[in-house]
C-alpha cells in the first residue's frame, strides 16, 4: 500500500492534472480561501533554510491546480519535496515539467522497474553534479529497491557498483545519452543482449534526457534537497518507523 | 502575418491544446474519418527518406488532439517539422514535450526576443552535436533575426560570431547551463552587466535545459531534419518567394 | 567546364607560380600599372566589413606574382576568397601556403575525389571551430558533391551524417589525425577495409594536417568568410543562376 | 660558422630553392650521376633502423633539387635529419613543407630569437605528443639557447619551467594556438605586456600552426628522430667536441 | 572519549608501531597463539561478501605487529575497516601505508581540524571515483563534524555544498593537487586569504596526494567499504545508540 | 657492484631505517657533531639554485636517522637527489615516504625489473607533468636499462615508443591506474597475455599509485631535479666516466 511515494500522485487523471489550463491562472480567490483554511504547505511558511536562488511563491499566490497537487503530494509523502516549491515560481513550466516527469517515471508499462528508473536518475545526475536529484532520487531508489547502499555506490562510480549485467548495460546506455553521445545501433545491441528492446531503450533514454534538463534547472535555481531525503530508506523499518518513510 | 511559424501554433489555448487529455487516447473513429478525408499529413504517406530510428505512426493511429495539432502546424508552416512525426511515437510524451516547448519558446513576456531564443538553441545544440536542432532552429533563427549568416557562425563557434555583447553574454550563460556547470552568482552578474535580470536568466537557462533534453531525444531517435530547413531564410524574399518561407 | 573553382587556378605551372621568387618582391612599377588599369581586386577597394584582425595590403603594395594569382582566381571564381587577401599580409608565407594547398587539394592522382577532400576539411575544421574553413569548404563540398546538405550535416556531427562507409572511415581517420592521435596500424587497416591504401591514407592525413595549420591561422587573424560562400551550391541552378556559382 | 645548423641551409635564394620547379621533376640522369659519385646521403644506404612507416626513396629516384638540398643539409649539419628523408616520399609536398618551414624558422626579422622559435616548437609538439619534433627541436633549442636543460623542462611542463615572463607569455599564446582556441584581443594584450607586437604574435602563431601540421605528419609516418638529436647540445663543448655538434 | 576512531589508534609510539620491523616478519608462533585464543578479527572468519580482488590473509599468517594493530583498531572502533584487511595482503606496504596515513590524518599540529581533513578526502576521492574512500571518509566526516549531510553534498559537488569560504578555498586547493595541476603562488595566495599558511597548504596537499595513491590502490583491489560506514553518523545519537558509532 | 644507485641504500635493515622512531626527533648533539665534522651534505651548504618552494632544513636541525640516510645516499650516488632535501622539511612524512618508496622500487621479488619500474614512473609522471620525477627517473631508467633514448621516447608518447609488447601492456595498465580508471578484469587479462600475474599487477599499480602521490608532492613544493640527472646515462661509459654515474 505504502511506498508509492508522491510520484504516484502525479498519475492523476489528466482532467484533474491540467484543470488549471482550463480555468486560467489567477485563482486568487480559491487560493486565498485555502490559505485561510490553514495550509500545511511549507511554502506559506517559508522555511529558514534557503532552498532556491529564486523566490518561493506563497501558496495563496499559486494557481489552484498546483496547490491541490502540492497538498496531495505532501499529505501522501509526509513532506513536500523542494522541487515542487522551487519550480512553482513558474507555474506553466511547473505543469509541463511534472506532466512529463509523471509520464516517464510513473508509467505502468515497459520492462523498467521503478527502482531501475531511479537508478538511471542517480547515475546521470551524479555525472551532472546535481545535488538535488542525486540526493532525492538516491532516496527513492533505496525505498523502491530495498537496497540501502546501491544508490550510494552508483553516485560514486556506477562502473564498480554491485549491479547486475542488466543494470550495468542499462546505465551504460543511460550515460551515453547523458553525455549526448551519438547513439548507434551498437548501443541498441548492447541493450538487447540483456533483454531490453527498443521501447525500453526509449524509456531509458527519455529518463536520462529529462534529467539532463532537470539537473540543469536545479543548477540554475541552486535547488537544495529536503533534509528528509538524506536518510530515507537507509535503515530497515521497524515498529517505530517514522511517517515520512512509511507512507511513501 | 507570416513568419510566425508553426511555433505560434502552439500558443493555442490550453483547453484546445490538452483536449486529448480530457477525451482519452483512442480516438480511432475521428482519426479514421480524418484520414479518409485525405490528409496532407506526410506521416500518412510515409516519406521515402528515413527520419527516425523508431516507427512513425500512421495518422489514423494517432490521438485526435495530436492530429489536429499536426494539421494546424503543417497548414500554417507549409510542412510538418519531423520532430512532430518522430515524437508522436509516444503520444503522452509528445504532449508534455510540446507543452513545455511552447511555454519556453513562444512566451510573450521577458526580454528575450524570438531570435535570441533560437540562438540559444543553435549554440547549445551545436555543442551537443544535435543535427536536427541545429538545422531546424538555425532556420528559425534566420527567419526571426533576418540575419542570414549569424546562425551558421554560431554553429561553428559562437565565440567569434558577429554577436552583440548582450548576445555573447546570453550564450556564455546558456553554454554554462548546457555543460551542466555549477551556476554561481558570478554568472548572474555577467548577465546583469548586459541588462538581463534573474527572470531572463531563468528563461535562458530553461531553454538551454529543455534542449539538453531535446538534443538527447534526437540522438536516441536519429531524428533527421526536413530538407526544407536547410535553405529556409537564407535568401532575401522576392516576388517568387516560395510558400514554405512565406507563411512561416 | 565550369565547377573548377579558384582552386584549379593554383594548378598553374611552377614557373608562373613562383615567378615572384625569381623576380624579387617589389614590383612596384607593374603593380602600379595594374592598379592604374582599374583593378577589380577588392583589396584595393577595402570592403567595409572587417575580414581580418591584420591589415589587408593594397594591391599596389603586393608582389606581382601574388597580384597575378589573385586576379586569375577572382576572374575565374567571380570573387576573391578572403583567405587570399588575409594571408597576403605575409607574401612569402602566402606563397608557401598556397603551393602546399594546391599540392594537396588539386592533385589529379589518388583515390580521393575533390568532394571527399573538401569533406575532410569540413569535418576537421568543425572540430577546430574554424569559421572560415567550415563555411568556405562547406560551399566547395556542396559544389563538387552536388549534395546540398551533406556538408551541413558533417559540420554538426559527422558520426550520424548520411555518409557511405567509405566516407565514414575516411573521416574517422582524418579526425584521428586532426586530434593528433598516435596513428597505428589499426588505423590503416580500417582504411583498407573500405578500399583506401597507404597513399590514400597519406592524402587524407596531409589534408587534415594542413588544415590543422590553416584553422589556426584563421583563428589568429579572425579570418571571415566571404558572404558568397554561405549560399553557394545550396540551390539547384537554373537560368537565372548567378555568375559566382556558375563559373566555379 | 658553426651552430647554424641545417636550418640556415634553407635560407638559400629562391632561385636555387625552387630550381626543381623550373627544371621538371625527373632528373634521373643527374641523380644517377650523383649516386655514381658515391653519395654520403643515408637514404641511398637505407639505415637498418626504421624511420618511417612509408618507404624512403633512394636518392637516385629523387628530383635533383631535393638531392641538392639534402646534400647541403647533411654536409653542413653532419647528418641528415630524418624529416628530410621521410617527407621526400612526396617531393612536391616536400618542397612546399620546407619552403614554409624556412620562411617561419629562419627569417631574420621580428623579435623572436631562434631559441624562442624552437621553444615554441618544443612546447606545442609536446602537447601533441610528437616524438620527432620534441626530440629534434629540443636539440636545436639547446644549441641555440646554450641552456642544456630548459627544453627538457618545457617538454614535461612549460608552466613550471625556468622561463622568463616573456617566454612564458609567448608559450601561453603558442599553446592557445596549438589547442585551436579562439584567439581574442585578450591574447594580444598579454603578449603586449611583455613586449611582443601583433607581428610577433603572427610569428608565434604561425610557428605553432605549422607544427600543428608537422606533428600530425610525423604521427602519420611514425617518423623517428635521428639518434644524434638525443644528446646534441647537452654537454658544454670542449676540445674533444664531436663533429655533429660542432658544425651545426 | 569516544569518537576518536581507529585513527587515533595509529598514533601509537613508533617503537610499538614498527616493532615488526625489528622482530622480523614471520612471527608464526605468536600469531598461531593469538588465533588459538580465538580472535575476533574478521579476517580469520572471512566474510561472505567479497571485499577485495586479492586474497585476504588469515590472521595466523599475518605478522604479529599487524595483528596487534588490527585488534586494537577493531576493539576501539567496533569493527575493522576493510582497508586494513585488504592491504594486509602486502604487509610491508601495509606498514608504510598506515605510517604515512597516521602522520597525515592524526597529527595534532596545524590549523586543519579532523573534520576538514576528512572533507579533503571526500572531495578528492569523489573526483577519483573511489567508492571505498568516499563512503568510509564520508562517515568519518559526519562523525567529526557532526554535520550529517555535508559530506554527501561534497560527494556530489563541492562547489555548491554548504561550505564556509575557508572550507571552499581548502577544497579548491585540494582539488588542484588532486588533478595534478601545476601549483603556483596564486594557489597559496587564495589559501592565505582565508587564513591558511604554507604549512597548512602542505597539510592539505599531502592529504590530497596521499589519497591520490589510496584511491588508486582501492581501484586496483576493488576494495569494498564495510556496510557499517554507510549509515555511520547519519542520525543523532540517543540512548539506544549502537556500539559502532558510540566508540568511535 | 656499481649501478645500484641510492635506491639500494634504502634497503637497509628496518632497525637502522627507523632508528629515529625509537630515539626521538631532536638529536641535536649528534647532528651538531656531524656538522662540525664537515658534512658534504648540500643542505648545510644551501645551493644557490632554488630546489623547493619550502625551506630546506639545515642538516644540524634534522633527526639523526635522516642525516645518516642522506649521507649514505650521497656517498654511494655521488650526489644527494633533491627529493631527500625537499621532503626532509617534514621528517615524519619523509620516513613514511621513503619506507614506502623503498618497498616498491627496491624489492627483490616479482617479475618487474628495475628498469621496468622506472619506466612506469616515467610514463605516469609525464602524464602528471611532474618535472622532478620525469627527469630523475628518466635518468634511472637509462642507467638500469642501458637504453639511452627509451625514457625520452616514453616521456613524449609511450604509445609509439620502442617498447616490447610486454612493456606496452605494462604501461597501458600503469596509465589506467594513473588516470584513476576503474580497474576491471579486462585489465588483468591484458596483463596476463604478456605474462604478468596478479601480483605483478599489484606491483605495477602500486608504483603508479605511489607516484600519483609523489608527483603531486613535487607540484606542491615545486621540486627541481638535480642538474646531474639530466645527462645521467646518456652516453656510453668509457675510461673517463664520471663518478656520479659510475657508483650508482
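A, B, C, D, E and F label the chains in the order they appear, each numbered from 1.
Rule of thumb we're sticking to: contacts are C-beta pairs under 8 Å (C-beta built on N, C-alpha and C of every residue); 3 or more make two chains touch, one makes a residue touch a chain.
According to UniProt, the chain labels map to these proteins: A, B, C, D, E, F = Carboxymuconolactone decarboxylase-like domain-containing protein.
Given the structure is predicted, the values throughout are model-derived calculations rather than measurements.
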Problem set entry | Other chains in touch with both chain D and chain F | C, E
Problem set entry | Far-end chain from chain B, centres as C-alpha averages | F
For this session: Could you please state the distance in Å, as a whole number, between where the Cα atoms of chain B are centred and where those of chain D are centred?
Result: 52
Exercise. Which whole number of Å gives the spacing of the CA centres of chain B and chain F?
Worked result: 60
Exercise. Once you find the CA centre of chain B and the CA centre of chain C, what distance in Å lies between them?
Worked result: 34
Seminar exercise, completed: Multi-partner residues in chain F (2 or more other chains touched) are 129-130, 157, 159-160, 182, 219, 222
For this session: Sort the chain contact graph into one of these: line, ring, star, complete or other.
Result: other
Exercise. What chain-chain pairs meet the touch criterion?
Worked result: A-B, A-C, A-E, A-F, B-C, B-D, B-E, C-D, C-F, D-E, D-F, E-F
Exercise. Can you list the residues on chain E that touch chain D in the complex?
Worked result: 182, 184
Exercise. Inside the complex, what are the residues of chain F that reach chain D?
Worked result: 126, 129-131, 134-135, 148-149, 152-153, 155-157, 159-161, 219, 222, 227, 230-231, 234-235
Problem set entry | Residues of chain E touching chain F in the complex | 14-15, 17-18, 20-22, 53-54, 89-90, 92-93, 95-97, 99-100, 103-104, 128-130, 177-178, 180-183, 198, 201-202, 205-206, 208-210, 212-217, 219-220, 222
Exercise. If you look only at chain A, which of its residues touch chain F in the complex?
Worked result: 157, 159-160
